[in-house]
Every structure is written in C-alpha cells, then in structure tokens.
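As written, the chains take the letters A, B, C and D, and residue 1 is the first residue of each chain.
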Amino acid sequence: MDNVLIKLYKKPKLKNPILIEGLPGVGNVGKVAAEYLLSKLKAMKLADIYSKYFPPQVLINDDGTLYLVKNELYYVKTKGQNDLIFLVGDYQGMSNEGQFELSYTVLEIAKMFNVKLIYTLGGFGTGQLSDKPRVFGAATNSKIVDDLKKFDVIFSAGEPSNGIVGAAGLLLGIGMNFFNMEGACLMGETSGYFTDPKGAMAVLKVLVSILKLDIDFSELESKIQALNELTQKMQEQVEQKIKKDDLGYIG
Amino acid sequence: MDNVLIKLYKKPKLKNPILIEGLPGVGNVGKVAAEYLLSKLKAMKLADIYSKYFPPQVLINDDGTLYLVKNELYYVKTKGQNDLIFLVGDYQGMSNEGQFELSYTVLEIAKMFNVKLIYTLGGFGTGQLSDKPRVFGAATNSKIVDDLKKFDVIFSAGEPSNGIVGAAGLLLGIGMNFFNMEGACLMGETSGYFTDPKGAMAVLKVLVSILKLDIDFSELESKIQALNELTQKMQEQVEQKIKKDDLGYIG
Amino acid sequence: MDNVLIKLYKKPKLKNPILIEGLPGVGNVGKVAAEYLLSKLKAMKLADIYSKYFPPQVLINDDGTLYLVKNELYYVKTKGQNDLIFLVGDYQGMSNEGQFELSYTVLEIAKMFNVKLIYTLGGFGTGQLSDKPRVFGAATNSKIVDDLKKFDVIFSAGEPSNGIVGAAGLLLGIGMNFFNMEGACLMGETSGYFTDPKGAMAVLKVLVSILKLDIDFSELESKIQALNELTQKMQEQVEQKIKKDDLGYIG
Amino acid sequence: MDNVLIKLYKKPKLKNPILIEGLPGVGNVGKVAAEYLLSKLKAMKLADIYSKYFPPQVLINDDGTLYLVKNELYYVKTKGQNDLIFLVGDYQGMSNEGQFELSYTVLEIAKMFNVKLIYTLGGFGTGQLSDKPRVFGAATNSKIVDDLKKFDVIFSAGEPSNGIVGAAGLLLGIGMNFFNMEGACLMGETSGYFTDPKGAMAVLKVLVSILKLDIDFSELESKIQALNELTQKMQEQVEQKIKKDDLGYIG
C-alpha cells in the first residue's frame, strides 16, 4: 500500500491558482475559515487524499454510511486573476514523517496545476478569549510580509515563538524550498480551547480582502452570535455562583 | 523482511464469498462472534498472516509449543449463495501504518477470491452492563443501511461518535475506495470491561439472520450463563458488604 | 542507510551449528548465560550487527575509546556433533518493526551457516527471589518439548502467560515459519529486579547438559556468592531496622 | 519525498577538512561552541539539510519571514593544515531511525570532501553549576585518547555512564565503522538546565588549542558574564528569602 493514495477526480484548467489550506489545528481556525470560504464559493471536489499517516479510522455520516478519514482538495474558478484550490480534511498526519509526506504530496498536486502562491490558515493560541481577534502572519519572503502589513496582518518578532507546526507551516516551508512557491500563513488569535468561529472570521476577512472576493459572512456571524450567547450565559452562571458563595460567607 | 508475510495454504474455488472480520477489540465482541461462527461452521484454514506490525512476541500453547502471533484467514463453503472467508487473529496492527497495511493486504487476498461484500464485527462500548445488548451499524452505502434496519440494526446519527477504529473500520473504508467492495460493520453493545459473549451473541444473531445460516448457540449461551452467574455473585457480595457497613454505622 | 548493517568478519565451515541467543532482557538472564558460555568456550567473533533500530548511541570503554551499540555473533568449533553460533549484544531492537527485522536478519545469517536448531535463553520474571530458580521452556514442536522435560525443564500450561517477547521469542517464531528451523526457549526463574547470575546459572546448567559441554562454573559461582552476601547483608540491615523500630514503640 | 533532502550550494576544494559538529543537546554546549566558532571564522554556507525526521515545523525570523527547520553545513578555508566543515542546526532527528539516517547522510557528504577526522561537541550534564567546567572526552581510537589528554581532556572510566546519545556519538560511531573516519567527542561539563556558554567556552578552548586557531572570545565572555550576574542575583534573592523565613520562625 502506498503511503499516500490520491483519487484525482478532474483535471480542470486553472488560471494562476492559489492554494488555500485549512486543516484541523489550534481552535480549528484554519479549518472553519477554509471550509466556510469553499462552501460560499461553491467549490468543486478535485481530489481525495487517503493515507496510512491518518488515524486508522472511518467516520460515520448521519445517514449511517461511513467514509475513510481523508483530506480533500476543492477548486473554484473565479472572475479575478487567480482561481483557487482548497485543502481541507478530517485530520493532519499523525507522525512527523506523515506530516512531511502529506504536505509534499499536496504540493506535487499543486505543482501539476501550476500553483505559485499559497495561503495557509491557522490559529494563534493565546489561552485567552479575545473580543477582537488579531491576525498574525509569517511569509516566505519579505515582500509578502510588507504587502500583508497593509491588510493589518501583524508580524511580531518571535511570535508565535515556537514557529508554525503542521501543514500550515510545512506547505510553505517545503513549497519555498522544493517547489518554487511563495506564500504566507495567516493566524487568527484564538483561546484555542474550542472550535473558534471568531478567529476564523478574522482570518477570513483578511483573506477575502487580499483575494478581492465578495463573501456573505452572515452564517459565520450567526455562529459567532450563538457562541457569544453561550459564553455570556456561562459567565453569568459563574458570577451568580460566586455571589451566592460570598453571601454564604457573610451569613 | 517484508512488512506483511502471507502463508496461503490453499486456493479453493469460492462462490461469491463474503469476508467476515472479527479481530480483538472493544469487549472482544467481534473476535468472540467470528471465532464462534467459524468453529460451528467447521471452517478450514486458508492463510496465516505474520507481520512486523504485530507485537514481537510468540504465544505458548498448553502443550508447551509456541507460535508466532498472527492473523488467520479461514473459509467455509456453504449451501447458500455465498461462501464465507473469516479474518481472525491474536492482535491488530500496533501502529497506524500497520493497521492500514494489514487491512490492505487482507483485501488484496479477498480480491483474489473475488470478495465483493464485507461484514466486520465489533463492540460498541457503553461503559455499562446491558441485559439486552443492541446492535449498531454503519455501512458503505445507504442501500445496505436500509437492508440492515430490517434486521433491527440501529443506525443512530453520530454513534459511535468517534467512528470505527481499527480493522473493522479500515476494511470497509479501504475496501469501498480501492477494491470496489461494499459492506457493513455490526457493533454489539458491550460494557467493554471484559470479553463479552453477550454482545457477541447479539451481533451473531443478526449476522446469521442476514446470511440465513443455521447455528447452534448453546455453547455461547453456556458462556453467557456462566458470566451471568459470576456477575450476580459479585453483585451480591458487594450488596452484602454495603449492608454490613450500614449496620456498622447504626451500631 | 540500510536498516541493518552487517560486518561479517569470517566465513568458517561449521558443523551442524546451533544458534544460541542471549540478549538483554528480564534479569539479563539470557545475556549473562550466553556471554559466560561463549567466554568459557573461547568463541571467536563472526560478525557485528549495527542498526538504526538500536538507540542512537555510542558506549565508552574504560580506556576512553567508544563503540557504536551493536549485536554480535560469535562461533566456536566443538568436539561434539554441533558447532555453536552465539548472538549477544548491547540492546534489542527499540521498535516492533526493529525487533522483527533484526531477528530476521540474524536468521538469514544463521541460514548461511546451515543452522537448523536454535536455543534462546531468557528470564522468567516472578518478582520474587528464588533460592533454586527453575527453568521453564517453550519449543517449536512437541518432540523438543518431550526431550527437554528429561532435563527438568518445566512446561507449564499458560506460562509465561504473555508468551515470550523479543528476540528470544521471535528467532524461534520466525525461524520455524520462514527458515525451517526448530528450537526452544529456556527461561530461568528470576526476580527480574537486577542482573541475575543465579537465574543464568540455572539456564546454563540445562543448556550444557543438552549440548554435552564441559564448562567451569566457578566464576559464575563467585558472582552468585557475592550477590548472595550482598543480599543477606541488606536483609540483615532491614531486619535490624525493624527491630529498632519495634523497640521504639515499646519504649 | 526522500527521507533527507540536501541542498548543496557549492563544491569547494577543501584541504584535509575536519568535520566539527555542534547540534542542540545537553546545555546546548555543542551548539553554542560550534556556532560561535563558525561565526568568528566567517564560515560560508555549504549545504542545507531538510528531513522528515525533524519536527514538522517552520520557524519565524524577526522580520516575519519563515524557514523550514533544518541542519546546515558551513565550511572555512584556514591557513593551517586542515580546512573545516561545520554541522549545526535547529534540531536533531526526532526518532532513532532519523538520528541514524541523518548522521549517515552527513557522513556521505563529508566523504565527498574527503573528511578523515571528526570532532563532535557536546555537554556532560552533571545537574550542578560548575565554576570551572571540565572537558570530558571519548575517541574512536586510543591514540586520539592519548593526544587529547595533553589538552587536559578527561577520560574517566565509565563516564558518561550511558555513553553519548545523538549525533555527537553517531557521527563517530558510524564514521569509524563505515566511512573510515576517526575522531573524538569533547563534552563540556554543564548543569544541563539551560543553554550554557561557560561549558561551551571550555569545549571551545580545547578545540582551538587542538586546531591551533586564534579566536576572539570576548563576545562569549560577555555572555558568560551576563549569565553569572543573573545567576548571582537569583541566588541573593533566594538567600534573602531564606533569611526572612528564618526571622519569621524566631519571631
């Protein structure tokens, strides 16, 4: 069995395509952002990627059917200068070797479609809730750094201090060294404690500005609203409990 | 040394064979069910499968002879429309990669015999003892889902929530994608705390109905009876202890 | 780099050679026994085995020189019917895959010299000190089981309950299946808490009887004597301390 | 994707080059020493080494650009008898197999340049701060041991007791066995609790004596001075706290 198995469903002609990655990670910020964008753009399935580096597992759909865990590539033709290819999926590789091989394989496919630019999306875990999550960046060259600063992307010396782990880092690191690709990672600030639509929104707003896309954010806003209400309710309960306990001490 | 080593003992002509998997897992439900069925059907050894993905271990028979840990394939010719091939064994693969390669190899052998349908057997761990264990399912397509519902197999959205891990999942997931095979996983409810003949019986009753087999369940019933008595005795002892402790408090 | 690297120093003509394994393991019983025997027989170096499955480590000799961790093969020509090949070394393989590949490689070399019989030596860990350690066995066929019983080797149904892990098991399990070799594992009873010359002596006495070798055990007896004295001293100290504590309570 | 990927930037003619290794390790002694030396000698980049055995990670420079984690080779032409090649980097291999393959690959490159002698630099962790860290050694042959003793390198039977783990050991152990190279490991005494410029200085002083190099140590001395002041401040705070606590008990 090959380490990575590709099912390529189509070979569309794509116009200067940009690869956008959003796999599970800190706060699932990248995953939520990329999946929201590809769904709004009605992207089409390009390929399924199966691998022995994923967990040995099938997942079950609501109708009782099952599917092997995988990564997926989608594509969308745009009216702008660049078509888009999306990388999303259930998991990242489970081992160092797997992470490297999976990213390398994705880049080989990207190369086939002549991808020259990559945006990887991820979360910047702070351990704290943030009302207005900022977006941090890192890029393969300083020209991109300068360009992204215009979109309020923050480049802060030594942050994240441990660099970028996983596909969001590797696609750029391997891409620039072995595939002649450039690009950047956009990281939305997030507590990292749960799947975070607010961090995803922050990242997405930057990305659509860069790509000059027109996206309806209402569904994502609803999710944020729902999460806000949940968070507030929990906070009130905690506060009431503290009050009661205080009274208890007084009495 | 190859990663997986096959000793194929025979190449019988099999009539539309169905692959039935029952390897160690939650409550050993699949293992007990598959081994009971193949023993009752007097299945014949087809192949031994050795692998560096199993633990580096030999096991010792009661007569002092030893054997290398392995998986085994058995086959049985039936009077019905489908002959059967069984996959049983001492262990599952010890790593992600091993799990994938072992399942892939089994499917390559199954392909040789023209297998088109797979039933994998497993446990659905609930952490609780159940008097009448239910049987949950997941299948490779919705037609099989519908068929299995007629046999009281339960398809419950999002259960098991983490999908199916190991060979019971992979044989179906890899089979449907790369070997043009369909099938289902039947999962017997079980506490998961010990080898559970009751969960195995539940799964087996569904399976023999589907396969229209006539099986003598008396031996399995004896095991369940013995386990029931053991469980009851333990429960009585616990209750008596609680009573004594209560009296202690009163005194 | 190959997974396993062999330096074969000679290719002596050997007369029906028997392979004897004694690598580190429970109580280092096998290692002590095999190294004592090969030293007494003045065995000659046959090969060094290096591997990426060993720890990435060099060890340092007392004179400040270093050497890469390895396994070693030695051979000795005897006056009896069988010459001997010894497998000893610093480590066993660190992963399942490594264990399998290393044993397989050793068997390939053994095959070159036409080995047909293997004795692997190990410890049977009981967690308790034993005055007269017994020797347990497991063999590749029942004839060898019967033969070994004459040498007071114990074959006890289901012991060791988890079989034999590591090279002592794999050489036999792989050897019987893929190299047409037969053999047995001799396991000396040992607490397993420290390197145990007493368990090694027990195993060795059985082995030299089988092989009809005449070996001087005085050095090994000195080691046992020294260990006995150490153990007794520690026990006396513990007993005195208990006595003192008892007096403390009385006073 | 190959397990190890080399980007060789030049192929300079080098005069009897010596390989000097200083990768991350105990107290980062080797890393600090090697990087200081190559910087003072204005060594030139020879090659970048990328590998799936490193963590799947990119690191971020202060200007916001990122790079894939790697090892690096540098070279310097000297006025003496030996040119130098340096091995430095962000990480060592993350698995046993990776450690072996990376060292083997480095030696293949070293072979290309006809390297015959290797010095690996590392820390000897004692768990204690040392005012005047000693330098311990281990070498591939006893002649080098004798030579190094003249430079006050300590060869102490059985120290370090667990040998040398990682590239500092493997380059020598593999080099002497498979590449006909000789060499030594120089280990600077260090607590091992933090990056230790003092241990690095000790190692470096020995190395430059051996190599008859003239190096300005002032920058490294500043780092040691800064660390000394920090350590002293911390110690004073601890002592004052102890005094206060003592007074508390008196009062």
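Heads up, the rule we're going with is that a contact is a pair of C-beta atoms (placed from the backbone, for glycine too) under 8 Å apart; a residue touches a chain by one contact, two chains touch by 3 or more.
In this text the structure is predicted, and so the values were computed from the model without any measurement.
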If you check the contacts of chain B and chain D, which chains show up for both?
-> A, C
Identity of the chain that, by mean CA position, is farthest from chain B = D
If you average the Cα atoms of chain A and of chain B to get two centres, how far apart are those centres in Å?
-> 38
Computed distance of Cα centres, chain C from chain A, in Å = 54
Residues of chain D that touch two or more other chains sit at none
Complete list of chain pairs which touch one another = A-B, A-D, B-C, C-D
Residues on chain A engaged by chain D in the complex (per definition of touch) | 93, 96-97, 99-101, 103-105, 137-142, 145, 155, 157-160, 162-167, 169-170, 172-174, 176-178, 185
So, in the complex, the side of chain A touching chain B is made of residues 1, 3, 5, 7, 48, 50-60, 62-69, 94-95, 98
